[in-house]
Amino acid sequence: MDTQLLLNIMWTFLGATLVYFMQAGFAMVEAGFTRAKNSGNIIMKNMMDFVLGSIFFFLIGFGVMFGNDFNGIIGTSGFLNPTTLADAEGMINVGAWDGYTGLPIGVFLIFHTVFCATAATIVSGAMAERTKFSAYLVYSAAISVFIYPVTGHWIWGGGWLSQLGFHDFAGSTAVHMVGGICAFIGAKILGPRIGKYNADGSANGIPGHNIPIGALGVFILWFGWFGFNCGSTVEATTTIGDIAMTTNLAAAASTLVALIVTWIKYGKPDVSMTLNGSLAGLVAITAGCDAVSNYSALAIGAIAGVVVVFAIDFIDKVVKVDDPVGAVGVHGCCGLLGTILTGVFSPDVSVVTQLIGVGSVLVYVTILAIIIFTLINKTIGLRVNKEEEVDGLDLHEHGAPAYANFNLHRDR
Amino acid sequence: MKKLEIVIKPEKLEDLKAILDECNANGLMINNIMGYGNQKGYKQLYRGAEYKTNLLPKVKVETVVEDEVSENIIGKVVEQINTGNYGDGKIFVYEVQDAVRIRTGERGSEAL
Amino acid sequence: MKKLEIVIKPEKLEDLKAILDECNANGLMINNIMGYGNQKGYKQLYRGAEYKTNLLPKVKVETVVEDEVSENIIGKVVEQINTGNYGDGKIFVYEVQDAVRIRTGERGSEAL
Amino acid sequence: MKKLEIVIKPEKLEDLKAILDECNANGLMINNIMGYGNQKGYKQLYRGAEYKTNLLPKVKVETVVEDEVSENIIGKVVEQINTGNYGDGKIFVYEVQDAVRIRTGERGSEAL
Amino acid sequence: MDTQLLLNIMWTFLGATLVYFMQAGFAMVEAGFTRAKNSGNIIMKNMMDFVLGSIFFFLIGFGVMFGNDFNGIIGTSGFLNPTTLADAEGMINVGAWDGYTGLPIGVFLIFHTVFCATAATIVSGAMAERTKFSAYLVYSAAISVFIYPVTGHWIWGGGWLSQLGFHDFAGSTAVHMVGGICAFIGAKILGPRIGKYNADGSANGIPGHNIPIGALGVFILWFGWFGFNCGSTVEATTTIGDIAMTTNLAAAASTLVALIVTWIKYGKPDVSMTLNGSLAGLVAITAGCDAVSNYSALAIGAIAGVVVVFAIDFIDKVVKVDDPVGAVGVHGCCGLLGTILTGVFSPDVSVVTQLIGVGSVLVYVTILAIIIFTLINKTIGLRVNKEEEVDGLDLHEHGAPAYANFNLHRDR
Amino acid sequence: MDTQLLLNIMWTFLGATLVYFMQAGFAMVEAGFTRAKNSGNIIMKNMMDFVLGSIFFFLIGFGVMFGNDFNGIIGTSGFLNPTTLADAEGMINVGAWDGYTGLPIGVFLIFHTVFCATAATIVSGAMAERTKFSAYLVYSAAISVFIYPVTGHWIWGGGWLSQLGFHDFAGSTAVHMVGGICAFIGAKILGPRIGKYNADGSANGIPGHNIPIGALGVFILWFGWFGFNCGSTVEATTTIGDIAMTTNLAAAASTLVALIVTWIKYGKPDVSMTLNGSLAGLVAITAGCDAVSNYSALAIGAIAGVVVVFAIDFIDKVVKVDDPVGAVGVHGCCGLLGTILTGVFSPDVSVVTQLIGVGSVLVYVTILAIIIFTLINKTIGLRVNKEEEVDGLDLHEHGAPAYANFNLHRDR
């Protein structure tokens, strides 16, 4: 048996497993940073994102992403049975990125399934506390079929962006920015939570109900990110540790800088915003974690730490899109930022190509997200009614409270 | 001096606070309670088994005010908190014998 | 019989319990409430957005005692719980018509 | 109109609700409190260090009823909630001056 | 150094580690889906399951399971010192399943220790909120000595079922059904929680106190299951990814179907039951995850998603055995189901053999569990007294509440 | 490509990743075992420990620990750019311990970064609920520069203790005892929490606010410890499973013994102390996990289980240093204990050398910790003021509560 192949399989599997676990991280972050009365609901949305992502990516998405390329735009084969995309030895070989060495189709499939589901699950946080459950399920299936795999094909499936040399190693754009844009469009169409904005347009803070589990979510995500970034080699290489270092340093720098920025800006170091800072650094380094030096990683992280705070503030107070957990700022803005900065900090990557890449993905995803969310809104309706929102989605959408034995009090 | 005990739906708390401010109520005490009156509870299913909740979350706001302020508040509450639905809540009125401000030892109306 | 409703800062609870013990109050009921009086609330920032908390956590202690015990407690509370700051709290005094000990069915003073 | 303030052990709540239903109490307010009376608290050890809990979890149920209903309820509570142990609880009775139904503005007995 | 051997060791270790982490998942599920007043206690039971399992499996269980075979029924050597079961090179070689390539005894031991402890810990959930702590400890040691290793020997230790060709790849029967049956017997002998059944025999719902940590537990279990199923190759193979795919698809299908079934049956999608659905799919695919196609995995998951809801309902409302977390439905019923369905969906596995396997295990475990729980009940007593149960086990059995700073309210 | 090298890299990376995850474990243990009003703050301290540790260890600490040796006392090169410590092939080779085979600098760096951060984060628990946030940040940077890397150099960086044959395989002394001593000095200088001691000097119990997440933390730590201990081979070896076994058995024995000791001593099995017991066993076996037999591991664990309960009690009631989570007893005392017991139970390790090792580390760390904490105390001030402490650090230091929707009640 070829040990290098076995090493590659083990490695890719390990990465996939860690990325799977990020689902738990998202669920905890989103539950912890929103209100207790919607906790069961947000957790169900996270769970169903993964479930529907797994099923629809298997049935259709994988073919769109890795099927036979049509003009660099879309994959066109492997539908309903993606294992037909393997060769006689059971190996997939889409030549997706340089030095890609081939893997059995199964491990390749599970690896890309968990990436797809990550993009989907980003959205639930931004749309939390007011989105109808059934409507959300439809969106969740749609992103796994119509959005993620298409731009995924461009970037990783041998499509036009990968041919152009666009560098998005582990998915700052392909996963995070895609999720972040969908989050923005969804939250925008949905409108803000009741009580979020005052009559004069000023924003109210609506504190999350369980900071410890929110923080646990961030730790889990950071942990999983080692799989996300290092696993994206999809082969055992000697560079694994280097990728882990850039990933870790960027996250550390971003956390520290976000802490300092909130401390200066708000007078006190803000807990949940600092935790957003950690994620911002992780998102930003994801595109170039294999291509930049440790010091560049520190710089990318530090920039992300500043940008994320101002971006979230801007979206909250100026754009007035209500994103309870800051998903747009973290994944959308820092995904875009990190992809571009890869061009700035890596000598081998062209800034222009990076700009073309993020621009085209931005346009495609924005259009598709607008279409999908508008269609859902016009048919099923995206939003729960006022009473359901006020009483909490757990009560009306699921019939049971998330914290049955606790005395809760209503916030605003 | 009277104590008003005002029981309302939790989501009306901000409105009630505005009324009390307007009427110069000097202070208030807020309690999260479970209650039922004419609005009876409901049944929920947890894992398919019934889970009776004839109790609903309510907020009880108590304020001690001069007699004349009392009627003023009652009037405004009936006017503004009223949605016409069961469960809008109730006000109970009690006589208060005395009040003491711990900080100064003042008694009676002074202490409000 | 009187009911004393004593509203204080949560950190003073142990001191108050000591006073009540000393005065032989027969029992007490402790409630965690949110309140405000002369000590108005404050504003906090959560993720940079304002988050108004004009309500502060307070503890409300109720005890039903004989009339003569009542003044004794009030005196001690004013003396010992007082820090001279806003927010020290208040005492409200009510008349109690009757008391019943469920265990025995005793009524009135006997039941305290 | 009287207010009954019934303090019992939490596990007796369902029984008490049944009694109140039976006696046609029009509504009730339930409060989770900490309290102590003749049943003093207990000491616990947390990590081997003492952790005094002289407070026990109790439920305080308040209901405002017509005078005649009041005695009826007291009788049944003493009869049915009584286990003969310390901690069975107490009932305090207060005079209520007025009641208001917010939904309709009705006053007095009408509002119950 | 033989790299294939090192790969196998690393792989098996990785699997063991992930399976260990499932303990955290069980603890969170069981704590989250029961009441706050018993949280410290249920967590201690989970912890002690693993602790006692580790010690007693080392001392005795391993010898029973993998010691020299006596007539295909039981292992008879290696007691008190299981490392004596290794050969001169320190390798264990019990020829337990086809193509099994041998591993150093240490890694083999840790791998089977965590599997044994998984079976034990399933039971605590079904017996939650009313079982005396000391009695539970005795049971916990007993399952690791008298129950799990015996049927484990039949299935994986070279015993009669493995000789017969019984296919239980990662333990739908060997681990989950064994745990599920013990859970059923334990909960039955123990009787329902106070307040669970009304005078007319109808069942009350007793909501769990912390759905977010319960859900976290499910995510952790799903994560750990990649180690459970994929790690059960106990060697690095090219099929790892395929196993991950069947595992993941079955779980996804089962979650989705359970969601839909509860939606139809109860009018609203039930959160905790859907989360049970995830586990049901994972349990069901465990036996055949290496032997069925992706579509068969979807089918097995979908069937499990239906069965688990009806099974839990049936146990709750008709059999009237009070299983607070649904352990019997999930592990018992879906373990049995999945083992049989392996025969249905895999051309290489005989349904008859599968039926013989589950039947014989069912009989053995039922008898032993009845004996053990009855003995404990007659001696120490299984159940706490009424006051302890009403006040909560944390207060009386451990002297401290699990949520000291929170205002809790009593449920029924 | 050399597969053995790739195996070593993967292995070391896997270990590092698991050790990273221990940060989540510490955060949950420390948050869960302290009061709700300080939860956001303690979590921030944990997060910033890792962040500052990552940055300062990269900039300076790594050079101090693994730079060119100066008289066996300190490393003197690689500052600001630790990658300069690699050879032409990018491999680090400090010959730190026997049979050490060399690794690319990146993976070696990330591995040691997470170990450094573990030592730092131990301290936050002992100083919880009263330490000023800004002061804590300064300490956190200081330990990563002045304390951990120096004794780390002695033990693992080719310094005098490693030359002497001091055996501390995965860091009972290098990580845990170092952290534990700093924790003790910090808590001592800081003074006890308000309400911890009565006028007569007797200690009050101050219950933790969330036992389930505290327990989750312990499960996470145990999980991560497989990476901590087994990963410390920093190469793929056949002994991995043996190390996992000793680690697991020691932890199991210690948990069981701590349970029994508290049961006898306090009349009831104490939940949080038993969970401390699990950690005590893990800490104690860390030094000798590669060098002792399974039975010795059981013995080491059992001894640790007794010692940890008495040590925590002694520190609490006699020494009167207020350590809310028992960090000194667990990491300090059991780290020291385990290192010495390695000499007792392993034929190849000299007790005298072990005593010299722990003694010298004890002296150095004590002196440095006293200097650092005293300096901070004299300048920034270590402690928040009375009002901040009474109201909770979340409110005053961060401006937002950790459990916004819950009715909390004040404990003493």
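As written, the chain order gives the labels A, B, C, D, E and F, with residue 1 at the start of each chain.
By our rule, contacts are C-beta pairs under 8 Å (C-beta built on N, C-alpha and C of every residue); 3 or more make two chains touch, one makes a residue touch a chain.
On a predicted model such as this, the values are computed, not experimentally measured, just so you know.
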Could you work out how many touching-chain steps separate chain B from chain F at minimum? 2
Matching interface for D-F, options A-B, A-C or D-E, criterion over half of contact pairs identical, gives A-C
Note: chain F sits from chain C at a C-alpha centroid distance in Å of 45
Rounded Å distance, chain A centre to chain E centre (Cα mean): 33
Between chain C and chain D, the Cα-mean centres are separated in Å by 18
For chain C versus chain E, what separation do you get between their C-alpha means, in angstrom? 51
For chain C, residue numbers touching 2 or more other chains are 31-32, 34, 44-46, 51, 94-95
Do you know which chain A residues sit against two or more other chains? 3, 7, 10, 14, 205, 207, 210, 213, 216, 266-268, 270, 272, 399-400, 403, 406-410
Chain pairs that touch, all of them, please. A-B, A-C, A-E, A-F, B-C, B-D, B-E, C-D, C-F, D-E, D-F, E-F
In the complex, go through chain B and note every residue touching chain A. 10-11, 13-14, 32, 44-46, 51, 57, 59
Complex contacts: residues of chain B adjacent to chain E: 34, 44-52
Residues of chain E that touch chain A when the two form their complex: 3-4, 7, 10-11, 14, 18, 35-37, 205, 207-213, 215-216, 218-220, 222-223, 226-227, 230, 236-245, 248-249, 251-253, 255-256, 259, 266-272, 274-275, 278, 294, 298, 403, 406-411
For a test of understanding, state which residues of chain A touch chain C in their complex under the given definition. 202-207, 262, 265-268, 270, 272-273, 309, 312-313, 316-317, 326, 409
For a test of understanding, state which residues of chain F touch chain A in their complex under the given definition. 1, 3, 5-7, 9-10, 12-14, 16-17, 20-21, 23-24, 27-28, 31-32, 39-41, 43-44, 47-48, 50-52, 54-55, 58, 83, 90, 103-111, 113, 133, 210, 213, 216, 394, 397-407
